[in-house]
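Read from first to last, the chains carry the letters A, B and C; within each, the first residue is number 1.
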Amino acid sequence: MDAETLPVNAVPRTWRPPRMIETTWVRWAVTLAVLLYLVLAFGSVEVNWTRVIEGISRAGRLFAGFLTPDFVSRWEDIQLGMIESLTMTVTSTVAGIALSIPVALGAARNIAPMWLYGICRAIIALARTFQEVIIAIFFVAMFGFGPLAGFLTLSLATVGFLAKLLADDIEEIDPVQVEAIRATGASFWQVIDYAVSSQVKPRLIGLSLYRVDINFRESAVVGIVGAGGIGATLNTALDRYEFDSAAAILILIIAIVMACEYFSSFVRKWTQ
Amino acid sequence: MLRIEALHKRYKTGDAALRGVSFSVASGEIIGLIGPSGAGKSTLIRCVNRLVEPTSGKIFLGDVELTALNKTALRQARRRIGMIFQEYALVERLTVMENVLSGRLGYTGFWASYFRRFPQADIERAFAVLERVGLLDHVDKRADALSGGQRQRVGIARALVQEPELLLVDEPTASLDPKTSRQVMRLITELCAERRLAAIVNIHDVALAQMFLPRIVGLRAGEIVYDGPASGLTPEVLTRIYGEEDWSKTSAASGDAADEEPAHAHGHHAHDHHHDRDMSAAVR
Amino acid sequence: MPVITTTAGQPVTWRLRTRAQQLAVWFGWLALVALTVFCWRVMTADTIWAFVEDAPRQAADIFGRMLPPRWSYANNLWLPLWDTLNIATLGTALAILLGTPLAFLAARNTTPSVMFVRPIALLIIVSSRSINSLIWGLLLVSVFGPGVFAGILAIALRSIGFIGKLLYEAIEEIDESQVEAIRATGASPAQVMAYGMVPQLLPTFATICVFRWDINIRESTVLGLVGAGGLGLALEASLNVLAWPQVTVILLMILATVLLSEWITARVRAAII
C-alpha cells in the first residue's frame, strides 16, 4: 500500500481532460454545423451601413434624451396614455385572476373529472398560443380601437399564464393533507378551502403580483396596434423623432415597473 | 514551524470569535483542536490561511509572517498550506482528477488551467496521491458520484498534491459514519507521519481525537483553556472546555473501550450528539 | 391568530381572526373592488358600446374571411421564417455575451464593488427587463431604420436583463464552500471563478439560455409588426391589405415555429439535466 515501495510505472501517467461530447466525429460535426449556421446567418443579415451610421447620431440623441427627458411638451398625451395603461393593468389583472382560479381548478388532474380537465387545458392552451400583440390585433378588429381591446387581451393572457402555473401547482400539492381533510367527511368545497387553497395560496399571491408587473409592461405593447395605453403615445413620439419625449415615457415605464417590484416584494413579506 | 501570537478575531456583527489565542506547532506535529460549537475552531484555522481575516495578532509560517502578506504573496503562501474541509467541499460537477489537479492551481497559469493543460509532473503527482488514498479506479468519475468516505479522500488528495508543509483539517469526520471516520483519521495521521507534515485538526469527537491525536488544544469562547497531551483530558479538563456534563465515560484512561472496535460499532448515539456544525456559528 | 375567550358562564368562542383583523381584511377587499370599478369606469369612458355590441358579428365576419387559408402564400414565407430564426438566435447569442459579465458584476459575491458597480449593473438589468422587446424594436427601428439588424438588437437588449437577472441570482446562491476550497489552494481570482464557480453555474446557465431562446423565437415572430424583420413583417403587410386568408397561413406558420422551438427546448433541457 505504501507509495514508495511500488514501482513508479505501476501508476498510469497520462490523463485526458473530460470533454463535453466524448465521440470525436460528433464533436467535429457539431462544431462545423454551428460555424456553418453562423456564416449563413451573418451572410443573410443585410445591414445597411450608411443607415446604421446615420442611426448612430440618432442613437446619441436618444441617449441624450434619457439624460434630459422632456415630460412637458407631450404631457397631455403621456398622461392619457399612462391612465389608460394603468387602468387596463388593474382591471385586466383582477378579471384575469378571477377567471383563472376556476379554470385552474378545472385543469388540475387530481381535482377535476376528465372531461372538465380537457376543456380547461384547451382554454389554457388557446390563451397561451399567440403573442399578446396578435390577440390584440383581433380584439381591435372586433371591438374597435381603445383600451377595451387591450383589457380583453391582457385578461386572456393572464388566464393563460396564471391558470397554467396554478393548475400545475395544484397538481403537485401534498395529497396526504387532502386525504386527511376528506377523511373528516368534508364536502368538495370544504376540501378545496382547507386542503388545497391553504397550500397554493402563497404561490397564487406571488404569481398575481408578478402578473401585475407583466400586464403593465404588456399594456405598453398593445398600444402599438391600437389597443390603447402608453404604447400609442410612444409610437407617435418615435414617429416624429421626438426622442426626449420617448425617453420620458420609457423612464416612466421603468420607474413604474421598479415600483411594482418593490411593492410586490413588500406584499410578499407581509402576507407570509 | 507555525507560530500564532495573540490572535483576535471580531466579526462585523460584533461577535468576538477569538480572544488572544497563542500557540505554536512544530514541524511534523499534529494538533487536535477541540471545543464546543461556536468556540472559534473554524475561525482559528481559517485565520491561518486567511480565508478569514484576523482582526489582530500575528501568524508565522516558518519565517513568513502570513498576517502581513499582500494578495499575491498570500496566494503563494497558501500553496504551502493544504486544507481539508468538513463537507469535503469538492467541486461536485468536476471529475476526481480535475478536483485533485485543482490543488496545483497556485502553480499553474490561468489559461493552462482553463484548458486543463497541467504539466506532466503535476499529473504524475496527482496519480501518485490518488493511488496513495486508494482511488485510482475512480479517476474519471464525477465527484458527486462518490460515497462520503471516497469524497473525503479526494479532498485529502487535493490537499496533498499541493505538497504542503502544513495541513489545516476542518472537521474531517463530521459527515461520516464512525467506521469511515476512523479510516479517514488514520489516513490523515499516517500521511502526516510519512511526509513529516504539521497539521491542525479541528474535531469535535473527543474520543476520536484522543485515539489519533497526541496533542490537544482545547478552545472555549475564543480562548485556549487546555494545551497538552491527549492523556491529560480528565473529566475536570473536559468540563473546563465543554461545560458541566458526565465525562467519566469519555475521558482519557477509561477511554472509549465501549466503542473501540469500529467495525462493530456503526452510527450509534455516541456520534449523534456531535452532529452540530461549528461553521454556522463561525460565519454568523 | 386564534383567540379563545373564556368568560364565566359563557360558552368558549373561537375566531380565526380578531374583530379588528376581520375588519382590516374586509376593508382590503372593499378597497380592491372600489379601485377596480373606478379603473373600469375611467377606462371605458370613451368606449363606443355600439362597436362592442357589434363584436360577435365582426368576429364571425373575420373568421369567415380567414377561411379557407391561401396555402400557396406559404412559399413567400420561407425567407421571413429564416430571418425570424436568425433574429432570435443571434439576438440570444449577443445577449449571452453581454449579459453574462453583467451578472457577475451584479452578484453580491462577485461584484468588484457593492457600492458603485452593483447598483449600476442592477439598473441596467431592470431597465432592460422593464421594456418589452417590441418596444425596443420600435425604438431601434426609429434609430437604425427597419430590418433584421434592429430586430437582433431589440431581442438582445430585452434578453440581457433576463439572462443577467436569473444568472446573478444563481451566482448568489452558489455553494461557497467549494469556492473557499479552491481559494485555499492558492488559486488566483480568475482560477477561483473558473474552477469554483463556473462548474456549479453551468447547468443553470444552459437552462437559462435555452429558456430565453424559446421566448425569443416567440417574440421575434411579431417583431416585424414594428418593422424589425421576420414573419411579423409579412403579417403587417397582409393585415394592411386585409388579406385575411394570408393572415391564417402566417399564424399557422408562427404556431408551427413556436411548437418546434418548444419541442427543441424540451429536448435540450432533458439532455442538460
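Just so it is clear, contacts are C-beta pairs under 8 Å (C-beta built on N, C-alpha and C of every residue); 3 or more make two chains touch, one makes a residue touch a chain.
These numbers were taken from a predicted model, which means no experiment stands behind them.
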Separation of chain B from chain A in steps, with touching chains one step apart: 1
B-C or A-C - the one linked by more C-beta pairs in contact: A-C
Most remote chain, CA-based centroid, reference being chain C: B
Averaged over CA atoms, how far is the centre of chain B from the centre of chain C? Could you give it in whole Å? 47
For the pair chain A and chain C, the C-alpha centroid-to-centroid distance in angstrom is 4
Considering chain B alone, which of its residues make contact with at least two other chains? 98
As the complex stands, chain A meets chain C at residues 37, 41-42, 44-48, 51-52, 54-55, 58-59, 62, 83-84, 86-88, 90-91, 94, 129-131, 133-134, 137-138, 141-144, 146-148, 151, 217-218, 220-221, 224-225, 228, 231, 234-235, 238-239, 241, 246, 250, 253-254, 257-258, 261
In the complex, go through chain C and note every residue touching chain B. 175, 177-178, 180-188, 190-191, 194-196, 199-200, 202-203
Chain A residues touching chain B in their complex are 1-3, 6, 11-15, 17-18
Using the touch definition up top, name the residues of chain C that touch chain A in the complex. 32, 35-36, 39-40, 42-44, 46-48, 51-52, 55, 58-59, 62, 82-83, 86, 89-90, 126-127, 129-132, 134-135, 138-139, 142-145, 147-149, 152, 218-219, 221-222, 225-226, 235, 239, 251, 254-255, 258
Taking the complex as given, what residues does chain B use to touch chain C? 49, 51, 75-79, 81-83, 85, 87, 89-94, 98, 102-106, 108, 110, 113-114, 155, 158, 162, 168
